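You will see two complexes here that share chain A, one where it goes with chain B and one where it goes with chain C.
Right, the complex of A and B next:
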């Protein structure tokens, strides 16, 4: 709410101010409403179009490319059937799920142990470690891909989902360590001392006291690791050769190279890879936003 | 007593070592080591075919890779494209993020939901959104071109992602614009504005209301309040955002690779690295280009932090 102008300002002047205030407020409200709607259209249209096109038969896409709507009586699921069972996407979903969940589990395990050690235990090189974490964060994937490709090719480690999980783990760990460490640091020490004097081991303290208290941070880290692994394209593209081992992202690229005109197939595949991550995001928005604002998601 | 504490400390140290070791080993093996190894490879004449032999580990260092990369006639334009893409993409994503943050700053019903929707481009997998945008902008089947044709806005479809240049008439002159490069910069803005949006929104909510009240009492209009209060309060976060976006955009590979494969004047340095290593099978040259990218980034960071320090004084 706007406060009234101070007394003593001449009435001519104050009425001028008030008019200007009113006009600008009115204009700004219109700008705000139209701007928000415009933004939403720009942001959401590609998702809408992806969805709608995946339900259209090929003729519709070929002959009515400017039809913005979707004929509800002619919704066609054949693109999904074809993508899932003829182009192997049923398998890619399982591969992506395995890679992402394995990354999450390993990332949580190693990051909890590492971050706890770096926060609570005394050892040399502690501060060095925390800076190193962030420096490493700067290196682009493309710079890592060339030497990793060389090493993996040399030792026959390419084309393996397990090795891919390790690569994703290395990509997520620095940030996971950083996030958990800053969270652990703010937990009350007294509880842990109490646990230790009551005869808990360090592991007992972590399991019974630290982890239950850090549930929100753990959720953020898990979501972040899942999202990174699920969405990742470059490493999967470079390191996987056998179609049976493809992740979803890798599979979509393969599909787009093999079917040039059947856009509805590529769109159906895109929906399959997008939907799980968007649903997860809408369910756990608050946790993910915290991860984003912690500078977590490199994008 | 002393020895007991000592023993405890010793035990803590050993425990810390074993707790940190797995994480440290994974990051060292799969991030730190490749980075160092990359420098080694950049100084060696390595082709993809050499991976089988022992020559990878031989001590035959040379600067030939750097000479090759730097004397490549196209390298200047690659650097220019990289610069335009990085600065343009960073600036656009921050401007869009600023606009979005100002739009949803005040409470309204469904605000949290709108905020969630606005973040979705950042969450969605890169392959899905790049293929969708390629489809939308396609000259043959794309909805944008067909709608514009139907409305009579254009006479021929515009090849947004495959056309190098486009001539646009305006202000009595014809302008030659790099079409595909502008399209990927637009995509960059679309996909990454949520990052800036979240940070700016958080900062906006941290500005105390009293300042605005005081300014309103003194007769400052909403626009004046924005210019004299909001913008200065945002200066730090905008500068930090530019740093982050610059680093991440110059390092970006996936988006351009999936949208244009670096064709039509969109070849940035990361795509050049890929082309050397996996297109021409010249691992050495690819690594050398990666070192050059790293050098450019370090130079930028040095300048940035020197400037920050001078501003702070």
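Right, the complex of A and C next:
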């Protein structure tokens, strides 16, 4: 007698809850979609405009500045040709590539050795070094710019791409060490023991076991270092004087400051700066996400 | 295959003394089990033997030759880890052949060794798989295979069965014993499971708090524990142990505990403080010459028998009864303890009581 109405109440209740859940889910979905769309517009619109403007001749930009569209039959690559071969951007690309790749290679090499030592090896001053890594990371670049400028100027080391690599290394290494260290720490120690008893040396363990398992973290660090070096402007601006040694970001500013203001040239140059990073990101995106979360969840 | 000698091995981790003056001899081809509660230093000892952890004092010898200065690679030992520690980025075959590859063995030879080891373990079909596609039991086999392939001086096994479920553990245990008879290597096997230790070991080394308490055959460890630590640690349910005094009476010797007295007959034991132990299965229930009375507190079924927990004077006693025998909580039961079945300890060490 008592059970029947009870059951009825509970089914009414559950259908009520189900309806509410459906409404909540619907609202959440709308919020999510509009949020994503708004954000996409915010990010993609400048990029779109930059692309479109770079394909237009100067008159087109001048006469129809509000025209957002692009006539596909009238795509004009002359801005790129001009930027690359008349304003020295072919050289700047090579300079940027050299600086970025050198930073990545050195940064990875040093960070792997350093992070491994800080996680697995016992040595004097180990905890000091661990704190040191973080402390250096805390200094904003702008604080370091003046003293570094003074030091390098004193030693006559300004205006050199190699020195720029050194500076970028100092900028990226703390983060790289920090990221790799927390990743290495989560690799099971027993795996390395197994490698050692199987006949590897320490370097063998790092090369054959630790590094293959750290591929996502290494990709993340490499991409981070590359992006930092590729996009960096402040130090490049301070340290480089000779136009032949300019990096891309430095070159873009040089171009936009120059007297004959050609919008489409600046836009084309900006595309040249942005595109490689974008491609790299799309290429490594999957590894990257894994690298960022892999430390948190033991896989 | 080699014999192993440890001389006065000591190791500290900060304030914790993980190993204190450990001496041990393991002969060639022996299956030696290190048994002890967790944190007693047995895994540390294994890592020291492998050369993964450097001891603070002492010396390690293989076949009488000191190996203290050798790296793990040069010692040529194989280790099986509790977590198996298979290389996740290699296939089973690559995992098993890795040690040989590092030793620059020619490829065809590696293949042959891996295949014969895989056949021995029944994992030929898994050779191309990655560890993540294997079940727990299969991973365990691969880990064993990786060790066997190498034909090392020593096999070091660190709780290799503790990640398996109970049924699988029993069958792998049997297999391990058979495997040892086929491969005939010197094995140091670490476990905290006394059943594993008793069934597998030619000899069992009982460790506690960084020391070796007893090295003996499984039978003697059980029958003649040399200290109260071993007596407590070995056997399930635990041995009953009582603090008390040995007293000389006009009839002979007796043990006086808290609230009970046990006649030990005409034995030659000096008077004084002592600990008396008796295993649950050695307590006779309702025997004719029963001299002690116990009050039943709990009765636990344990398959073929029942374990009774009861009060004996102010102490507690556990003993086993056949499962068809009825006892209820609150019952009074007469029990007897034969002087031949008791274990006597003085200051924690075994005291032999020769019959007069």
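The rule is short, and it goes like this: the second predicted complex is superposed on the first by the 245 of 299 C-alpha atoms of A that agree within 3 Å, B and C clash if a C-alpha of one lies under 4 Å from a C-alpha of the other, contacts with A are read in each partner's own complex, and residues count from 1 in each chain.
Here is the rule we use: a contact is a pair of C-beta atoms (placed from the backbone, for glycine too) under 8 Å apart; a residue touches a chain by one contact, two chains touch by 3 or more.
Bear in mind the structure is a predicted one, so any value in this text is a computation, not a measurement.
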{"item": "Chain B versus chain C as contact partner of A:200, first or second or both or neither", "value": "second"}
{"item": "Which partner reaches more residues of chain A (counting touched residues only), chain B or chain C", "value": "B"}
{"item": "First, second, both or neither for A:53, with chain B first and chain C second", "value": "first"}
{"item": "Contacts of A:188 with chain B and chain C, given as first, second, both or neither", "value": "second"}
{"item": "Touched partner set for A:77, first chain B, second chain C, both or neither", "value": "neither"}
{"item": "Chain B versus chain C as contact partner of A:85, first or second or both or neither", "value": "neither"}
{"item": "A:231 touches, of chain B and chain C: first, second, both or neither?", "value": "first"}
{"item": "Chain A residues contacted in one complex by chain B, in the other by chain C", "value": "none"}
{"item": "List of chain B residues in touch with chain A within their complex", "value": "9, 12-13, 15-17, 19-20, 22-24, 26-27, 29-35, 37-38, 41, 46, 51, 56, 99-100, 103-104, 106, 112, 114, 116-129, 131-133, 135-136, 138, 141-143, 146-147, 149-150, 190-192, 194-195, 198-199, 202, 213, 216-217, 219, 221-223, 244, 247-248, 250-254, 257-258, 270, 273-274, 277-278, 283, 286-287, 290, 293-294, 297"}
{"item": "Partner chain B, residues of chain A touching it in the complex", "value": "2-3, 5-6, 9, 13-14, 17, 20-21, 24-25, 28, 32, 35-36, 39-40, 42-47, 49-50, 53, 61-62, 65-66, 68, 110-111, 113-114, 116-118, 121-123, 129, 136, 138-151, 153-154, 166-167, 169-171, 173-174, 177, 202, 227, 230-231, 233-234, 238, 248-249, 252-253, 256, 261, 263, 266-267, 270-271, 273-274, 277-278, 281-282, 285, 288-289, 292-293, 295, 297-299"}
{"item": "Contact set on chain A toward chain C in their complex", "value": "188, 190-191, 193-201, 204, 209, 212-213"}
{"item": "In the complex with chain A, residue positions of chain C that touch it", "value": "47, 50-52, 71-73, 76-79, 81-83, 85-89, 98-99, 102-103, 146, 150, 156"}
